[in-house]
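Step one of this worksheet: look at the structure below.
Labels for the chains are A, B and C, by order of writing; each one numbers its residues from 1.
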Amino acid sequence: MIFTAQQIAEALNGVVEGDPSTEVTSLSKIEEGKKGTLTFLANPKYTQYIYQTQASIIIVNEDFTPEKKIPATLIKVKDAYSAFAQLLELYQQTKGKRSGISDRAYIAPSATIGKDVYIGEFVSVGENTIIGDNTSLFPHTTIGNNCRIGNSTTLFADVKIYDECIIGNECTLHAGIVIGADGFGFAQQQDKNYRKVPQIGNVIIEDNVDIGANTCIDRATLGSTIIRKGAIIDNLVQIAHNVEIGENTAVAAQTGISGSTKFGKNCILAGQTGFAGHLNIANGTIITAQSGVGRNIKEENTIYEGSPAFRHKDFQKSYIYFRRLSELVKRIDELEQKLKDNTK
Amino acid sequence: MIFTAQQIAEALNGVVEGDPSTEVTSLSKIEEGKKGTLTFLANPKYTQYIYQTQASIIIVNEDFTPEKKIPATLIKVKDAYSAFAQLLELYQQTKGKRSGISDRAYIAPSATIGKDVYIGEFVSVGENTIIGDNTSLFPHTTIGNNCRIGNSTTLFADVKIYDECIIGNECTLHAGIVIGADGFGFAQQQDKNYRKVPQIGNVIIEDNVDIGANTCIDRATLGSTIIRKGAIIDNLVQIAHNVEIGENTAVAAQTGISGSTKFGKNCILAGQTGFAGHLNIANGTIITAQSGVGRNIKEENTIYEGSPAFRHKDFQKSYIYFRRLSELVKRIDELEQKLKDNTK
Amino acid sequence: MIFTAQQIAEALNGVVEGDPSTEVTSLSKIEEGKKGTLTFLANPKYTQYIYQTQASIIIVNEDFTPEKKIPATLIKVKDAYSAFAQLLELYQQTKGKRSGISDRAYIAPSATIGKDVYIGEFVSVGENTIIGDNTSLFPHTTIGNNCRIGNSTTLFADVKIYDECIIGNECTLHAGIVIGADGFGFAQQQDKNYRKVPQIGNVIIEDNVDIGANTCIDRATLGSTIIRKGAIIDNLVQIAHNVEIGENTAVAAQTGISGSTKFGKNCILAGQTGFAGHLNIANGTIITAQSGVGRNIKEENTIYEGSPAFRHKDFQKSYIYFRRLSELVKRIDELEQKLKDNTK
């Protein structure tokens, strides 16, 4: 399909700068843009490429002012990244959706399957489990007994859902995810042996949640481990028993959260962060990458860094001096020497 | 089923404080306890809830002394957490156990299957492999050739066991675990290419071991990677070739252990810890979360922290001053200024 | 099979020291060596065992000089580890290779399967996908539509390849790997909800790449996430969208790399390292374990440590003083006291 800059600008509520009849047929990255493609500039790190790219149309933020001439036609919008995402969505919708129920799948007789569901090869659906309308189960996905999967939800290949877990509507779960394995709960006996504490709770994932590949969310000891609506979770994340992730909270890859810790709304946990158990983390908290949080965070919208973590600004000050510690030691050496000389 | 405080106290060897005829029908968390439920208090962080909970019976440690009146009936026991775990076990036993061998499973003709085994849909069992009595293989589990799985062991959905690996009795392996993949062994050639070192050993998991979802335990180059009896391992842990985990050692989530490192008994490795290769770690060692260990630990029962890790107490002292480094710098600045003034 | 020291030395271009007619029948670790086995010494940490081992033949580096008498026959070679790896390869080749296509596998009608391919039970191969000659797909592996898998490549149990991804020749992918899940791309809306950015690119893995169990490599937003030839990647690694891993770069377990970061050739990323997004890392860079890199690294062949990381040598200096921070504080205290005394 061919689109003109004018057509695209109208679809995105944007303004054309340059030739509105410029035509494109596909999308590209700005550093690899070719003639006939449309690209975008959102991250300032890539600004240099806007002067070099061969792309024919570039979507930019409305406050972008070029420093020199740009051969491409620009479309100015409020938020270039969101606008480009919108085009990607349109592009993806042109691709077909999988459908039908494979006769190589196993569906327990007591399970209930909704309308317009896709169930791939070797899927296994347990007793009394309910699968909602328009939901897709890719090959090898295994769902236990007494589970409930909502409408328009996608479970990619080989997702594992244990018994009694609940997944909402319009969720996306990527390959290899494990939902509802036992929490890591053991009581140490006097002879040092560990005795397993049965985990009789479940996992509840609300609507519009997105979870990355090979992430693990453990079932609660009692009650539920809960992922609130709109949360987004990346790959290889560990979420322990009885944790609660707040609405629209983002959890980057390889983060680990210990048992019973609860997060407010709109938090951002960067990659490889860690959290002790039984904490309460306030709305809007940001934790920088590789940091480790051992205490409650009560004030909203603060940033923490370090392991153990403290206020980001304070950490950064301390870290600057940590990098120069040998200089500081030299200054102390000199002070001692001078004082010695003075008192001779 | 209905139980009275008196009946439960007798089962747990506890003492009732309050009305021994108080009745309960289910279990709850203390912060969510409702009338007719039984809960417990073990972690002091939750003490506040004992004065608010609607739960009818609360199990507490025998040394617990309330600061104000508690409406619930108390049962005092030696170890509240263990006692509650016992009740959870009884509760779980009332749930049925899966049984039977699915005709959608593949079992190699030369494999030997014990008595009262559950084998779910799409399980694959390789040549000459032996599965013990009362063992459960949940859907999609794949076991290679020449493996041996003990009695009363549970492999949840989609566990992957490579050829020649051995799993003991009464083990629990959660979904997505990989046992026996090749160790990360390569010899770099002069042209910078890596040449793979074949990994011809195996993995041995002794009795009563519990392993979490998506954890990986690599096969040995030669000999065996060994997990000793009673060890407990959480989700997403990486255990490299020829590692040895000691008896009753606990390994929390996302910990990574490099090749040939050996741990004694009763160690505790907190979450996201890392270990260099070829180390020996003494019995009873504790490593705090996110710490990285690069040297042998010879003395038993010590605690290490930091990356690289050193003695916990020393780390804590250093970290307190790290947090205040800018204050220290100011003090050095002032000293320099004063000395300058003094020598004018 | 029986081999003499003489025969082995000839095969390895080595020199016998001791009795050239010494015979062995199998391989062992130096610390567990028994009579009739061959072992090797490469890591100096194990030198003590050469004087104790019962192994009959030991391969050593040509510059190795014993401090006391060794009962075993030595074979001196240029690189003992590589030489031993060669023997392991010969040993492994004596084991059979799996073959045949299981009738329990599902192969889409439009897929193309090469010659001498092994396809295990419950494998699923999607539409228009091409599988090369001599390639092995172990049980439960799932390959999407429009993929291309090269020749002589092994995919172990339960590898998941999403649509449109490309895997080269002579690659090894271990169990549980996920290739081509969506990158973690979301645009936050004004109401704080996240809107998913469709990920329409793919993953390209070039020839001779080795990837460890449960590792995740996300598909690109646009274009490709690329793993260059000869790269080796360990278990539980996270590689985000549009990342590029250079030739012969080694990535140890549990490393996490954020979107669009690009690595040169011959880099070494130790275990549990982390990388921010949109970085360029020069050829030959080494990052020590648990370090976190937040900036571009432009100079080749440097070593970085810390979180955030800076030059390894500088980090080590700072860390020595960090360990002694309380001493430094005491010195400052004393200086202040002395100055006070002096000015009385």
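By definition in this document, a residue touches a chain if its C-beta (ideal position, glycine included) is under 8 Å from a C-beta of that chain, and two chains touch if they have at least 3 such contacts.
The model shown is predicted, which means the values in this text are computed figures rather than measured ones.
Interface of chain A with chain C: the two copies contact each other largely through different residue positions, with under half of all numbers used appearing on both sides. Overlaying the C-alpha trace of chain A on that of chain B calls for a turn of 120°, given as a multiple of 5. Centres computed as Cα averages put chain A at a distance of 25 Å from chain C. Looking at chain B, one finds that residues 122, 140, 158, 176, 214, 236, 254, 272, 290, 307, 322, 328, 332, 335, 339, 342 touch two or more other chains. Remark: chain C residues 106, 122, 124, 140, 142, 144, 158, 160, 162, 176, 178, 181-182, 184-187, 189, 192-198, 200, 214, 216, 218, 221-223, 236, 238, 240, 242, 254, 256, 258, 272, 274, 276, 278, 290, 292, 294, 307-308, 310, 314, 317-318, 321-322, 328, 331-332, 335, 338-339, 342 touch chain A in the complex.
Interface residues of chain B facing chain A in the complex, by the touch rule stated above, are 27-29, 32, 43, 45-46, 79, 81-82, 84-85, 88-89, 91-92, 102, 104, 120-122, 138-140, 156-158, 172, 174-176, 208, 210, 212-214, 230, 232, 234-236, 248, 250, 252-254, 265-266, 271-272, 289-290, 307, 319, 322-326, 328-329, 332, 335-336, 339, 342-343.
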